[in-house]
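Encoded as structure tokens, the structure appears first; notes follow it.
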Amino acid sequence: MIKLSPLKEFTYPIVAECINPNIFDSKTSKEIWKLKIWEGNKQKALGELFKIEENKAEGQNETATITVHGEVSKVRRIGTGMKDGEIVIFGNVGMHLGEEMKGGKIVVHGNVEGWAGSMMKGGLIEIHGNASDYLGAPYWGCSEGMHGGKIIVYGNVGNEAGAYMHNGIIKVYGSAGQFVGLRMHGGTIFVQKDCEERTGACMKDGKIVINGYLESVLPTFSIEGIKEKVKIEETETAEGPFYLFFGDLTENGNGKLYVSKAKNPHLSSYEKLL
Amino acid sequence: MELLIKNGFVYDPLNGVKGEKMDIAIRDGKIVDKVNERKARKIDACWMVVMAGGVDIHSHIAGSKVNAGRLLRPEDHFKDFEGKTPVTRSGVGHSIPSTFTTGYRYARMGYTTVMDPAMPPLEAKHTHEEFNDIPIIDKASYPLLGDWWFVLEYLKEGRIEECARYVAWMITSTKGYAIKIVNPGGLEAWGFGHNVRSLDDQVPFFCVTPREIIRGLCKVNRLLNLPHTIHVHTNNLGRPGNYLTALETMKSVEDLATDDNPVIHITHCQFCAFKGDDWRTLESGAEEIANYVNSHSHVTLDMGQVIFTDTTTMTADGPFQYTLHELSGNKWVNHDVETETSAGIVPFRYRRKSYANAIQWSIGLELALLIEDPWRIFLTTDHPNGGPFTSYPKIITWLMSKKAREKALKRINARARSRSLLPSIDRELSLYEVAVVTRAGQAKALGLKNKGHLGVGADADIAIYNLNPEKTDPSRKFKAVRRAFKQAAYTIKGGKIVVKGGEVLEHVVGSTMWLDVHSSEPARITDEMKRRFKEYWTVEYENYPVTENYIEVSNPITVKARV
Amino acid sequence: MKVKNGCAMCESKFSGYNDEHRVLKPLIRKNGNLVKASMKEAVEKAAKILAEANYPILYGWSSTSCEATRVGLELTEEVGGVIDNTAVVCHGPSLLSVQELGIPSCTLGQIRHRADLIIYWGSDPWSAHPRHIERYTAFSDGRFERSMWRGYLNKVKALIGRKKVESALRRLSLKKETEGSSASKSKVCPTISKVGRKLIVIDVRRTKTAEMADYFIQVEPNKDYELLQAFRTLIRDQEIDVDEVAGVPIEYLEEVADAMVRCSFGALFFGLGLTMSKGKLRNIDAALSLMRDLNMCTKFIIMPMRGHFNVTGANTVSTWQSGYPYAVDFSLGYPRYNPGETTVVDILLRKESDAALVVASDPVASFPRKAVEHLVENPLVVIDPHMNATAQMADVVFPSAFVGIEAEGTAYRMDHVPLPLKRVVAAPSGVLQDEEILWRILSKVRKIKKTEKTEEL
Amino acid sequence: MKENAKLKVTLVTGRTIDQGVGKERGKASKEYAESVSVCYLDPDDLRRLGIKENTNVLVSTEHGTIVVKALKSLRAPHPNIIFIPYGPWANAVADPETNSIGMPSFKGIPAEIEPAADKLVLSLKELLKTQFGGRLTSQ
């Protein structure tokens, strides 16, 4: 197992695609030291910015292939496109964590900047702090969001989580910002706590479950009924009752939006339409 | 500075050179009969192929439409980038490369002259500004004139000569090179969201038909003695059954031809060679078109070959682009230009397994192989509409090797394979013929005197490919051919070595060619004319023309008109 | 000097171009004060600042010529910085949603000739683009459509008409009345019966433009997205479960939706009212989707109302050289683009930059306080004709010539039509144009880098 | 209506023709400063604050506070919506949140407004000095 810890507090953006089990794999620590990494507009060696130690994996992260210890919120693109292995990060981490990840596992004991798990295809990202905007969302201009895999956030998430999602699952145990599941085509998004407006805007298909308070439902969703419980994944169902909305009408979508009945008395006016 | 290319196998169709081993001498950017052996810098081209620099008659590389495409597609760029080097600027690809990258990538393939086929006159300055940022290659652009209100009005009244004078004025003041006609009449109709369906439909509000526009401008083209013919993108482009429209269009100017010189160029012909009633019953109309072309001398065409990749379609044909948007559901840009033309952009992925796309792929190659005279059909992808120009090497191998075609055929949609004419075609182009369809023929059709050949006096634009015609049989070793054409061993532009082994050595600035048309009595810019300007356009007359200071390296070509 | 057919802003630009605030010599900050310096000295200082920076930002570009932006991009590439233009705080979100959905648009003349329905949404051209309406839209004469000016005059004259509008407005704005279905249903909703050109305005306030309009809808702040989506549903003849959206009863929306579908050429202009209010790019997203729907039944185009005179030009040049319209990061040696990551405001808020060059712009006045704080903590170079707020905070200031008055160049109109900018008077001696100043800085930077290289060897 | 009543309002910033004119005349000009250090209110809101036009008011958001001159809006009615033209004064209270798209939130910011007849509207120089420290020149 390789242990990385930053040698200083970073001010400039650090681009570190090389922090990836598949790249470290079968490299001596000397070779790893030499791996290219960008600090601002200067190219450096990984070893110039990080203390690199090779030691036995033990305790809670014995499965880990890479562990990062310390504040790395400026360090971007960690685990980009990784296929297998496990990265455990103790500290806040920067943008594009696990972008286009295909397999393996990333665990973060801290907060994560934008675009975590962007365009993810497989694997698991576990975030024990908060995640910023565009969780699992695609790159600008691209309509292929998350295509598989699983993202679990124990804190809150920012705007547009799961935008353009096609498959996979996002679970948020805190609350979420605007436009959860924007233009999603499939997959499941679960939010345990509250949610800002415009949830499921322009969704074509898929499932969004809001277990907390939802400021308002878009006028382009229509009430379908009340459901007692809803399935999140194989092993897990959320206990309702939930209002079930269909939408988004503007896209002739048949996405399902479940909103907790108990937490949202202001939506009771919809009941008269049932 | 003197340069001597020694012992290459030279293919120079315009001078009838068919692969003889010979030297090419260069002085001050021109080809000369001899230079001082000892002084001159030498390039050993032994066991290599030497050709004139490639010429592309139809490739959307600059201007408002192309740039709108760039802006529209960050997802097209972000994985295909080129870093800055001591000599080159950085940039991005893929289907709509940024300006610098466009120049470098053409040069790496040994291309040195490229024509941008669609310039909205009102936005001509934009095209020329981008030309200045496209390094190495020489460029020119065709102003879109087929739906210009002036043209429609004069042709309606049958006033060909006035029309010619204003066209002359327009070509010169936009610094253009040829008359481009796109879906004649259809673009004006698109102003209100409509289209025209046949050569004899009336253009709404203008009481003139596509046929009259094509014939009219064809006559204008001859009155003005322009080096190239009218450059026509037919009506009904991209809709099944349109091969009839294409044939009609060619027939419509049959009688205007004299001493079998071409009078019309049908561009990206693949897109208008569709047989069948709809996309399911789509079939190839290549045979019918080839038969007509083989028996008539007044037409030239280019392929508009389709490549199975993710690309960006962009034409001035607004209605067609809208149909494509509805068909694919992909994002759509539309940009209509007052009193002149329109434009549309839609990203599109051609899929092997799609029946229609596979048929389209087949049609392009069928045309190139069934039309006997290589001087009449040219290699293009209508970049980026059929696919990016970087796929030319692939196409060359398909033209040169039946084996390569069969390999590709195996992977396409089965139903399309069974309908394709390709298995029945044995023809394989020779290197000589490839030199025709990629440079000589295109230069001839464009009337470029100093391009596309290696005769004394020609511009020293030369491509040297690492391919030994005595050892490698292109029909079997097609992979080697592709490699060779992908990365020129040397590209020489204006006598300078700009590319070596696929690496750009020098960032030289190519020239912009434009026509300075002299008519005996030029279009007078009267107050009446200025009034009309105020009415038709939202820019002052004084601000309209492209002044020469917009062109970094200006190469005006003077033309004496007959009016 | 006299200014012909210019707007109020243009006139003041001309009359103000050489007022008492004009600085004619470069300035350099020495122990806290800006003092006059020679051009050479200033160029050296500026070049040093940029050449030594690890993550410099080069910002502005929207009020200068395309030629200057061209040099700016080369300079950014050379120093491995981030180049961004003022679009980022104006129509950046519009560009982002265009990249997701595309945009049906046209040149302004097309609208003058053909548009029979004109909608301004969250934009007040009377204030921001004073000549827009009379030159290109409602009050202009085209080949197929005539100006509605006369009709407007009559309307204003006819008190009845005015009363009607005002009563309609009162009903719309006082929420209490419109709340509850029964109440709003009972009210008669004004109809758009007029023939010929129609002007509709949708805004949070009754703007001057709104007063000219045939129909005005006052939307609750931050509710534009809901309103746009509602329109989309209505146009598809789908049922809406609620009786009012964004504080507007459905009947009023139906009236407008009908007008949209019935027109033969519609044009929607949107302003910062959409791009800046809650939802930002997604408001534009909805507007563009609305265009998609509308173009299935008629011809409809949409256009952002751009601010600075050449912001479109800055985007255009940046796009053809780098592939991206703004927020382009050259720090890795090639263009990268990711608004939110490579946009100037975010970089400043994250305190990542360590130097800045500001050209023809005034971020200190136009950025939120927190962003400005980091901008002025680091070395700052300013090129601007005015001694603006940013210049007053700078380390090096280059007074430059006014583009379009003292300097030639090209600018792009909001509809992408390139226009040549003429030179009408000579710049005061010693005052160079942006392009020239940038060239000198660039070549100096190259010299510095060369010497660095040779030292390394 | 009692004095120094506080109002909860929504702050909208935007362009005005005066600000446009001022901007072009030169950001250091008096016209500019005067055109952007103001705040347009609905007449009803003025009444509710118990003040007349041209009284100074204190506008505060969670991002800062600023003193500007209250003007009666010609665009009424828009109860509980106040309007400040773009400029350093507006930006002293604007919301820097960009939602990861680079664009701060200039419109629809929750704010409080109260009369501040005793407080002065800062000049541009004073404003910059107080906000960004001693870098300002005296020249």
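Remarks
Letters A, B, C and D mark the chains in the order given here, with residues in each chain numbered from 1 onward.
Throughout what follows, a contact is a pair of C-beta atoms (placed from the backbone, for glycine too) under 8 Å apart; a residue touches a chain by one contact, two chains touch by 3 or more.
What you are looking at is a predicted structure, and each value in this text was computed from that prediction instead of being measured.
Interface comparison, C-D versus A-D: the pair with the greater number of contacting C-beta pairs is C-D.
A separation of 21 Å divides the Cα centre of chain C from that of chain D.
Distance from the chain A centre to the chain D centre is 39 Å, each centre being the mean of its Cα atoms. The mean-CA centres of chain A and chain C are about 33 angstrom from one another, to the nearest whole unit. Inter-chain centre distance (chain B to chain D, centres taken as mean C-alpha positions): 57 Å. Multi-chain contact residues of chain C, defined as those touching 2 or more other chains: 96, 99-100, 278, 330, 332, 337, 339-341.
For chain B, residues touching at least two other chains, in rising order: 72-74, 78, 331.
In chain A, 114, 133-134, 139-141, 178 are the positions where the chain touches two or more neighbouring chains simultaneously. Taken as a graph of touching chains, this assembly fits none of the simple shapes: it is neither a line, a ring, a star nor a complete graph.
Residue ranges on chain D touching chain C, taken from their complex, read 10, 12, 14-17, 20-29, 31, 63-64, 73, 75-79, 81, 83, 86-88, 91-92, 94-96, 98-108, 124-125, 128, 131-139.
Residues 72-76, 78, 331 of chain B touch chain A in their complex. Interface of chain C with chain D (complex): residues 8-10, 12-13, 15-16, 19, 21, 29, 32-35, 84, 88-89, 92-93, 96, 124, 126-128, 130, 169-170, 173-174, 204-208, 210, 218, 221-222, 272-273, 275-278, 280-281, 307, 327, 339-341, 343-346, 349, 362, 364-373, 376, 386-389, 392-393. By the touch rule above, chain A contacts chain B in their complex via residues 138-142.
Contact residues of chain B toward chain C in the complex are 62, 64, 67-68, 70-74, 77-78, 81-84, 89-92, 96-100, 122-123, 125-126, 129-130, 133, 191-193, 205, 322, 325-326, 331-339, 342, 345-346, 535-539, 543, 547, 550.
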